[in-house]
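The two complexes that follow have chain A in common; it is paired with chain B in the first and with chain C in the second.
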Partner chain A sequence: MKLTKTLLASTALTVAAGGAIAEGHMAGDMTLVSWGGAYQQSQINAYATPYSENTGVTITWDESSAEAVAKLRAMNEAGNITWDVVDVVAADALRLCDEGLAMEIDPDEQLAPAPDGTSAEDDFGDLLVGDCFIPQIVYSTTFGYRTDMVPEGVEAPNDICDVFDLETYPGMRSLEKRPINNVEWALLCDGVAKEDVYDVLATEEGQEQALAKLDTIKDSVIWWSAGADTPQLLADGEVFIGSTYNGRLFSAIVEQNQPIGMMWDAQVFDLDGWIIPTGLSPEREARALDFVYFATDTQRLADQAKYISYGPARLSSAPLVGQHETLGIDMAPHMPTDPENAKNTFLYNYEFWADYRDDIDAKFQAWLAQ
Partner chain B sequence: MTDTTNSGPMLAADGRPLKQSLARALRRQKIRALMLIAPLLIFIMLTFIIPIGNMLFRSVENDIVGNTLPGTVEALEDWDAQSAETLDDVVFQNLFIDLFKAAEAKEHTKLGTRLNYEQTGISSLFRTTGRNLDDIGEPYQDWLEDTDERFKDGAFWYEMMSGSGGEAILEERRDLWAALVGEGMAGDIGFTLSGEVAELLPWTAKAYSDWAIYTAIADEDVVAEEDPWEAVYGALGIDLRNADTVAAIAGYSGPGADALRAAVANIGAMPTTTFRDAFAAEDEDWLKTENWQTIKIYSPNYTMGYFLNSIDMEKGLDGAQARPENQQIYVKLFLRTLKMSVIITLSCILLGYPVAWILANLPARSANVLMILVLLPFWTSLLVRTSAWKVLLQQQGVINDLLVWLGFVDDANRLILMNNSTGTIIAMTHILLPFMILPLYSVMKTIPPSYLRAAKSLGATNWTAFWRVYFPQSVPGIGAGSILVFILAIGYYITPEIVGGTDGVFISNRIAYHISSSLNWGLAAALGTILLSVVLILYWLYDKIVGIDNVKLGG
Partner chain C sequence: MSNLIVQNRRPELATFTAPLSGLFGAMFGFVVGNVFGNPWQGALAGVIFGAALAVVLHMAPISRRNGRLGTIAICLIAGLVIGGVGGAVGGAIIGAVLSWFVYWLDSGDYRAGSPIYATSLQVLWDNTFLLICGLIFFFLVAPLVPVMWLSFNAEDFFTFTPEMLSFDPEGYSLKHYRSFFGTEGNPLLGLILGFGAGVALAVVLRVMSGPREVLGWVAPIISLTLIGLVVGKLWGVGGAEWMTPLKNSLIIAPIATVLSVSFGTLAAIGLSQSHVPGRRAIMAILISPMIVPLIISATGMFFFYAPLGNWLEATFGLNQSFVGFVKVILAHAALGIPFVIITVTATLVGFDRSLTRAAANMGADPVTTFFRVQMPLILPGVISGGLFAFITSFDEVVVVLFVGSAQQQTLPWQMFTGLREQISPTILAAATILVTISILLLATVEMLRRRSERLRGMSPS
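Up next is the complex of A and B:
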């Protein structure tokens, strides 16, 4: 089924193509998939509205990014792909690529070069994870804490190991209900050097060591599964400190004036970006590629940072990051990539987690259920 | 009278035997009835039975290994996985041919993901090796092209491989392609394999056929004009390692015979690295026995592996064995799901019975108002109701605030009412309560109040009248409500996910995780099948013990 479609598609493409694909051969509407909330709004403002104004394309949004991999797989089996461009985290993009559900992208051919002529491949650099992923933003998973709950006479937490220090910083913590990030932090605070973390984690003993460290705070942890949980728990005073995406904390602190402070130590960088599903009709595929070319150029990525504190994935966009659109504050100091914030960072290890995800998750869940 | 007895079977008015005529009429009636329900039947088949059957089937389906690595699986048959003897190079030669083809069609990473569920590390092994398979074939390509310029030319290869008599092999390779990519590879490819070459160079014939089919059908190129994959050069290298082939080439006189003889003459310059070493150079893990044991264990088309996994066991070399203790979770979750569903059902009976009794005994007008109160939660989204419980139950929440204000609880020791099993039980009891109250109410409505009065007038105390007269009559309502609540509870997952924390989650939460996050649909299907069977068994037990006829959903 899939192959027949690709065949039909490529035949049609050969017939239609005489040179560049003309405007007339692209679909007139498209469905974009994203995460909802402030993040999707920033994409609407920075990409979708200008694109619709330029081209007259109608854009529909679907807030399904969290289940994108499973849904795309189901759509593919049913032979009916209803999405055109999908926003996913890099790890999911890698899996979609592995499953043959996302189209391979040639950055130099299909993405815009930087204004100074640097090729897209160099401009995105290391962030081009896998063959299908079109990077958009760098976000980080980091900690926020209640400034009014810091015990008297103690300085505010500024070290990842403060999370594990129940004596100095009593109170509940909130951590994500999955091993990724938590086990790395646990090892870091159990005396493992940063560069050795994944070597240690690859061993049975290392995994036990990480869980044993987490065990020391297990009774004081609320486990979250949605990014909105930690800001909510912090706002309600349910927890003292908790991990979540930095943009969520930014909006709780700056936009909602909650008494929350950021702790950037050992923040874990991750990437979010677009993929184009395989099996689209040539018109829709051409439209999707055209949108992605526009939406990931230097200016557009810099524009998105006006609305949300996630760093643009292009090197050439960084100098263009300005002020918040409505609040008028400088965005640079709130970016996870700002040198002040990025003194001690981690980059999500995609290869490692692609291999160890199932194994460590099984152990982590068994540990949680004990 | 004598007429009818003599003329054999009784006849209907139209002269046919009555029995036949009756059967006909009945059949017509049955068909008509069937036609009436046909839309519903087809609808249910299409939208319910078939998808569920399909999903259940995934719990045993495992043809991906055999479809992706057909030659390798065959070559592994002679390998004794238990003794972990060194693998023969022929396994790696097959792996090269199979994996090259799979990588071209981008199917190898799917297999990597599948096998990674069983053996950590296979995912990246397949992904990284799949990228660099060219490196293994290239030395052979360089050697052949240095030996004879013509090996560079696609048209020369086409001439050498073309002929007749190799149709069977070509069709076999075509079927293997179809199995690999999951769809037909039918169509004219503009190439027919020479039987003579196929006999002389079996590996090359297979690899060239694979390439030709893919080039013609998937890439839509002309076979005669394209240069073959590196895999074809590698395959010729494999053929030329065979002394019999080398000897046979001397007597061969078909197209390309002189080029082949030149290759034989230059065999001293052929790469000597074994395929085993070539794979090991790409990734050391190809030498790990565990990886090969996994491939061998999971090579059959059907597997019990997912089911074993669902009961905390795994498929080992000697059959089923228990998983390491630090990975055991599913049995515990199944038992917890059952236990908590029972507790929730009991709480629903305790809370629902008095409410239903009041509803059934109040005058119609006030009963209706109460009924609306019972139904109101039904009209609110499940997520909203659960989130409302979050606001109530959390440590800084309404209930704790109230208790602290009243002085029942110390501010420093607020009760932990959610993110544990207590939270799940409270929230789910509330959410499922209407399913208990409604059947109870409809049964109680039919119990005439005069029975109770009669019992009392005959001298029974209030309690005896209730327990001996009223309660037995309401039992069918309890039965119906319990079945509804229990079966709904056992499959719940949104509420436990939100308020359950770690010890309040159900098996459904793991099923959801495997469906949407880990993409291990086979395991999710196996867990789902077990859950379904548990419900059916309990239903059967219930029927045996209580009797399903004693269940009433209404008057």
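Up next is the complex of A and C:
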């Protein structure tokens, strides 16, 4: 641990040297907001510890990403922004950007280029989904199942429609308590072609159809709202199969040795990254930009994959992804982006959900309460 | 008055003892059957076993002690065969309770708590009443048992693993305690110092007030040891996930308590004077934080303290973290004041006003009168109000989430986010430690209170 810290620090030093001239104008402490758990730990190991060792900055963590939008609105209204850099999912970043609560970023000016000189804009490519959003990782929402609860003489589930098949795979399921992802999966298994899913969902009948399909398994579903719920339910044997973020399942399977298998079919990719709130003092803003420049460079993103099975958002980081820091296993086969796992995937449809989220959410909640 | 020794009539076996024992056995049978997936068969087996046990113990010419030991042994072996070590422990407990119940019925002891002239229905009610009292205690305490048990889990889930249930050492570990305390600080030194201080306190108590129960020895030693451990741990505190929140809680709660106690006591004394105008209205306003839903107070406080904090930072150049602590402490003090006012007002009812007049008559100024006459007499109310204020601040999560920022993260805040985001059993270790410390602290405070009463020649109440 000590050795890796110093190694990380020394590689980091060379990168940070460029920014050292501006040091005097930057704040000496900062508050980072993230999700807690293994994910935040990976950020501490890969970015925060080397950064504070280089610069002497004190970093405080706030595990408030889940309510980042609401809290930032309140802070903005009260004129007292206590956060410096905030980790949010892409959809939240787009909302914050629209409301003017997040700062716009010019990738080529404010983010590090790839080691071979490719500009940050090209290195992140399509993943730069908003003007304020600085991508960090690609994660997926996918399924894990209890290997010891697969019925005798039946193949382990490997198709998204197995989730809806109560005859072959009896037992409880856990699904997220929101329509996103669930309605897409329902339509796929109700005979809608993958490319038509969002066209169908845009119609009233399509939404009814999705809920009707979910109705067939409603009595066997436990609804979750925190990413840690499904691993807990699987470990208890309370559910046979359940959806959650792939990193949570990785940690339950590989680090906790639970009898759980991955079912990658129709996994939904989503992005997570940083935003910098507007309204910071110039010193704090300079510090936040300096941190983000460091934390999203090629090496740092690749380092994070040593601790958690989320894919780095930069193309140039992919070849640098190595082995798990303490277990020594190859991380590549556990990445959602691995070709073997990514045979049938979705990308979270930001535009569609920005337009339809409130409407479908209301219908979904009403359906849940029936 | 001569002691009247009543030989209770031994009740009927066939119409009373056996059916009731069967019913009681069915309860255990249901629980055991549930573990193996068929509760109703278990209940049936329980009925048969309970009734049979009643018959055997009623008929067999063996002493009560041997009868109970025999039942425990049989159930223990049966449990061992069915469910391994865990089953054996469960079996022994069931055997002990069931055989106690059978003898309690069979010997007529169940009438012991009721007067001799009580009718059957009155006896039934007396025992039902005791059962209800027992259930209330059970529902209060039982939820804590799995929390403490699970905190020794070897896995990172809230799950009773098969290893835990069969009492296999493999299934248990202290890793959640290790992750609670982190790797920094010097807990060992603190532990040794705390232990020393605890022993010293116990000895002093012993010398000053003579022989006492075991608790009088154990409570001060263990509580000071634990306090030493925590203080030693916090000595060099760094970024530890749980130690920084613990430190913040230990900064915020005591200061907020001191503020609540001072202001609350002053307010209570003032408001108990009959000449204060509008005292009912003032009282209502002061108590309002207790009545208004916390989330409403918290929202209000957020918008009230934000500009106040900004002003403090801008005008006095104070740093953000310090101002954050000031805001949280003031907010918590406001929440604690009502508790102090209520307890102190209640004690003031029994306070004899003529004592203050007597003091004034002898030349004491009001401040001297307060500290030397009034304060000692209302001290119990002040202390219990202070305890409530401390607990309010120490347990509070809503207001600190609104008013505080990450630098003031308190223990309940950390527990809240930890529970929501990761469901890690570290939280159970934290809960177990907190529960243990508060039980021992209260026991020590009680010991000290009894000692001072004994010294003052009052009987312990």
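One rule holds for everything that comes next: the second predicted complex is superposed on the first by the 349 of 370 C-alpha atoms of A that agree within 3 Å, B and C clash if a C-alpha of one lies under 4 Å from a C-alpha of the other, contacts with A are read in each partner's own complex, and residues count from 1 in each chain.
Methods note: contacts are C-beta pairs under 8 Å (C-beta built on N, C-alpha and C of every residue); 3 or more make two chains touch, one makes a residue touch a chain.
All values derive from a computational prediction rather than experimental measurement.
Overlap between chain B and chain C is detected when the two structures are superposed via chain A. After overlaying the two complexes on the shared chain, residue contacts for A:N158 are found with neither chain B nor chain C. In the superposed pair of complexes, A:N344 makes contact with neither chain B nor chain C. Look at A:T168: by the touch rule set out above, it reaches neither chain B nor chain C.
In the superposition on chain A, contact is made by A:E208 with chain B only, not with chain C.
Between chain B and chain C, it is B that contacts the larger number of residues in chain A. When the two complexes are overlaid on their common chain A, residue A:W367 makes contact with chain B while staying clear of chain C.
By the touch criterion stated above, A:G100 is placed in contact with chain B alone, chain C being left untouched. In the superposed pair of complexes, A:D236 makes contact with chain B and with chain C alike.
In summary, superposing the two complexes on chain A brings one listed stretch of chain C into steric overlap with chain B, and the stretch in question is 39-47; the others among 3-11, 39-47, 201-209 or 219-227 show no clashing C-alpha atoms.
Shared contact residues of chain A, touching chain B in one structure and chain C in the other: 66, 236. Residues 29, 31, 33, 35-38, 59-64, 66, 74, 77-80, 82-83, 226-229, 231-232, 235-236, 255-256, 258 of chain A are the ones that touch chain C when the two sit in their complex. Of all residues in chain C, only 155-159, 239, 302-303, 306-307, 309-310, 320-321, 324, 405-407, 409, 417-418, 420-424 touch chain A in the complex they form. For chain A in complex with chain B, the residues that touch the partner chain are 1-4, 6-7, 10-11, 66-67, 69-70, 73, 95, 97-100, 172, 177, 208, 222-223, 225, 236-238, 351, 354-359, 361-363, 365-369.
Chain B contributes residues 106-107, 109-110, 112-113, 116-117, 120-124, 127, 181-184, 217-218, 220, 326-329, 332-333, 394-397, 419, 497, 501-503, 505, 510, 515-520 to its touches with chain A in the complex.
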